[in-house]
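The letters A, B and C name the chains in turn, as written, and every chain counts its residues from 1.
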Amino acid sequence: MESGSIIQWFVKEGDYVKENEPLFEMETDKVTTEVTAPVSGIITIVNGELEREIAVGETVGYILTTEGQAERVQLEQEQGNRDLPEGKRIIASPYARKLAREYKIDLSKIKDRLLEKRIIAQDVLNFINLSNGGDLQTSEGVHENPTVQGAKTANSKDITLTPMRKAIVGTLQRSAESIIPVTITRTVQVDQLVSQREQLKQEGISVTVNDYIIYAVSKALQKHKHFNSYFSDNKIVQYQDINIGFAVAVENGLMVPVISRSSKKSIGEISKERKRLVEAVRNQNLSLEDCQNGTFTISNLGEYEVDTFSPVIYPTQAGIIGIGSIQKRPVVKEDRLDIGYLLQLSFVFDHRVSDGAPAAEFLGDICKGLENPLKMLIEM
Amino acid sequence: MENYLIHYYREMMRIRRFEQSASSIYEKGELPGFLHLSIGQEAVAVGVCSQLNKEDYILTTHRGHGHVLAKGMKMKEMFAELFAKKTGSNRGKGGSMHIMDSKIGVLGANGVVGAGIPIAAGVGLSSQMQQNGRMTVAFFGDGASNTGAFHEGLNMAAVWNLPVLFVCENNKFSESTSIRNHQRNRCVADRAMAYGIPGIQVDGNDVEAVANVTAEAIERARRGEGPTLIEADTYRLMGHYLGDKVEYRSESEYEHWKNRDPIELLEQRLRKAGLIDDPKKQAILEEIEKEIRESIDFARRSPEPDQDDAFLHVYQ
Amino acid sequence: MRQITYRQALFEGMREELQRDPKVFIMGEDIEDPFGGSYKVTKGLSSEFGRERVRNTPISELAIAGAAVGAAITGMRPIAEIMYLDFTTLSIDQIVNQAAKIRYMSGGQIEVPLVIRTQEGSGNASAAQHGQCLEAWYAHVPGLKVVMPATPFDAKGLLKSSVRDNNPIVFIENKMLYNVKGEVPNEDYTVPIGKARVIQEGMDVTIVSYSRMVHEALQAAAKLKEKGISVEVIDLRTISPLDMETILESVAKTHRLVIAHEAVVNGGIGGEIAARVIQDGFDELDAPIQRVGARSVPLPFSPLLEKQVVANAQDIIIAVESIIPQRIGM
């Protein structure tokens, strides 16, 4: 619409108008439409002659608001124009749409498709699955789950698996099939970390334990490259980049967004990125790229006051660290009893890529870093 | 016990008055669908049905009001059915062309010409297998005698020796087509020979004659000698359906048959025999009028079928 | 368990019902011994039960069906054999205008407990008038039930259920299944009308089928399994009424549907099933619904040409693969 003409005014000079109240009726070559007040206030008409051709953008009048702002009244682009943005119609199968609705996934974010012509359920599942750290292959039929006979006397009820749970199960089973996990646990005293964190909090900077740990793990992986890898086909494939995934619980499942190239980031940058990703999970618009290419993972159950636990290594990785809660505990300091903040870390690694001693060293370096974070942050 | 001829007279008059009353309410627009009146053919209905028991069966046609009334259907239920009311014999779901009353062996008027004939063979088969001695009568017209159903049904009943009477009301028309134009051999009874069964022609407007040949045919069937084809010579005084302008027949033909009105013929005989006089006739007519009035009233007052009735009786 | 043929199973079903209920009788063309029927299904019955209860009729399809109606409405339970489904065109008034409607038109006074036993299908070079699959016509008529067993077990069980059912039933056998063997128990049993059977479970696609095509579907499923595609096969067993519950449950699991029947695709039962799945299971579909069946061509006499027209396991495989994305089989 290029222009129109006013055919009728509903208000007069000096009237108090409310936001969205119809001000005047105008006619274009296509349609007759009402123009409404953009804000509330007193209206001054400047260019309101009837049946005169008025161009789009031309000021018709002003509305003076109570805050003293003068808001322009002008001809806008045709209202109610429902032209779809070019090429934005998303073609997806009914079931794919159902899954997208259920898991609150924006179909337009799905770039990877199996078929050219439409998004199908598998594309959505892949998206969900990838955010769990698995690989692209999620065939519901290929992995036969063995049937287990339950107890004969107990009453039971079948619960169908949700797609998310199916994807998680698939990932876990693939892990279990080949990886040979071994767990090493260490307890770290994190008083310094705790007080440093408090201090930063006073200054309005929030850094979490996870941020420290991701930073520490990234540094340690630079030194102990063999844990930034995975075992496949009788060889160890070492990743070049260090991309750390961290598990985020969602309703009835979990997502694992990835902080890519974490070893090249400062702790501040890690923290910022981590926050962005958590926000994306909360708002249910985590993208595929955000979940791809993890090389190592951490998982923190600290908020549930878990002491320690051994998480499952993702099939395309060789290690994962399970983090417990920070607990105030009695500690021995120079042969005297004191109180300190203790944190337990469990490092689960694939024994095929390395052995216990190197694993202990790796975990040791991480713990050293967490014990003395200031030193860790300074060291390059 | 009433003299059987008076009984015939009363029965024929009942049919006549039923058809005339139905016709007049139809013309007022009170009845949905179509009416196919059997005025002029009452003697066949009464003659045949008078020889049947309650458990015997009849299959009839779209022009079957006379047959089913003569077999013993209640006028109330018939009118209610014509009015498509819930209290109708078929609960409003069949209508004039499909009137049925299984309690008295009225296995139905049928809207498809000839369809009742093979069904009648099956009913006869059923009686034969169950050995219950029941007779079956299939009424149909000259038009139906040209259907495959006629041929197959009669042949089957003949070869299996079934206790069925095939009664053809030759009323000279198949809808608007005169018999002259729909079969070369206008004698339907001749066809019986093809099946090896007796074919009897009778004056369809002489109720007693009809009754007699029916009785003989029943006897034959009971003796195990199988079916009989009876051709009753008669005439359809009204059109094919109510509303039919009947432009396809000649006045002289009509007049000829009007003078052979079966009810008047019987009345003449009864008067001659001193069996009826004006007061007696009046009394009979009044009784019939009363029955008709009450039946129409009943039908008018009766409720429509429930909405959900539309979905009943599709399957058991 | 013993293995008997489809033919034997039908024979046993009829025999047991004739024994059980004196109201049951059979009539049809050439069914008496020694001939025992065109496809020899009734061989032995007239000798055992007599020619009154198992009787030959003249060539009168109209009267066969009509007499069946007449007998059924007066207390008997007839099984009327129409030699070929193609010939029911000659009986159709009695089946569609009479049998299907008498209960309704009579306002519930009269019922029609009859079974029209007939057979369909191509495969023995009988050409265009002796091999049509017209079940969709009868499924379309309210008041009729249409039953089509694919296995000896179902043939016997469904025939017995049909005889005992108080509605008019068109019971359609398949000429190429008569010699197929299957497990049939010795004891008395029936199979419920109106209930489909999931023959094998699967995760990737549902194939709904009936009669001879069930066997083609199972063959197709075996080949597809080698390619890593997991197929769920459903045998409808009854065409009318349709067991939509079983079908919808399956589609909710696999999200892909192929309907395979021997009948011509155009206007066939596959269309009705597809429409109902779209109506009641729309959100479960991950791919367009595929129908597999015969081409819209009369059946040619030449066996070579017949193969061009009639669908088989290969057509089912192609249909399945067309709706499964390539990744399966990695």
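By our rule, a residue touches a chain if its C-beta (ideal position, glycine included) is under 8 Å from a C-beta of that chain, and two chains touch if they have at least 3 such contacts.
Note that the structure is a prediction, hence the values are computed from the model and not measured.
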{"item": "Touch-based graph of the chains, sorted into line, ring, star, complete or other", "value": "line"}
{"item": "Farthest chain (mean CA position) relative to chain B", "value": "A"}
{"item": "Inter-chain centre distance, chain B versus chain C - centres from mean C-alpha coordinates, in Å", "value": "41"}
{"item": "Centre-of-Cα separation between chain C and chain A, whole angstrom", "value": "55"}
{"item": "Centroid distance [mean C-alpha coordinates] between chain B and chain A, Å", "value": "85"}
{"item": "Touching two or more other chains - residue numbers and ranges from chain C", "value": "none"}
{"item": "Interfacial residue positions of chain C with respect to chain A in the complex", "value": "202-204, 228-230, 255, 282-287, 325-328, 330"}
{"item": "Chain A - residues contacting chain C, complex", "value": "93-98, 114-115, 120-122, 136-137, 139-142"}
{"item": "List of chain B residues in touch with chain C within their complex", "value": "57, 59, 88-94, 98, 100-103, 107-108, 110-112, 115, 117-127, 129-130, 136, 148-149, 152-153, 155-156, 159-160, 312-316"}
{"item": "Residues on chain C engaged by chain B in the complex (per definition of touch)", "value": "25, 52-53, 55, 57-58, 60, 62-63, 65-76, 78, 93-94, 97-98, 102-111, 142-143, 145, 165-167"}
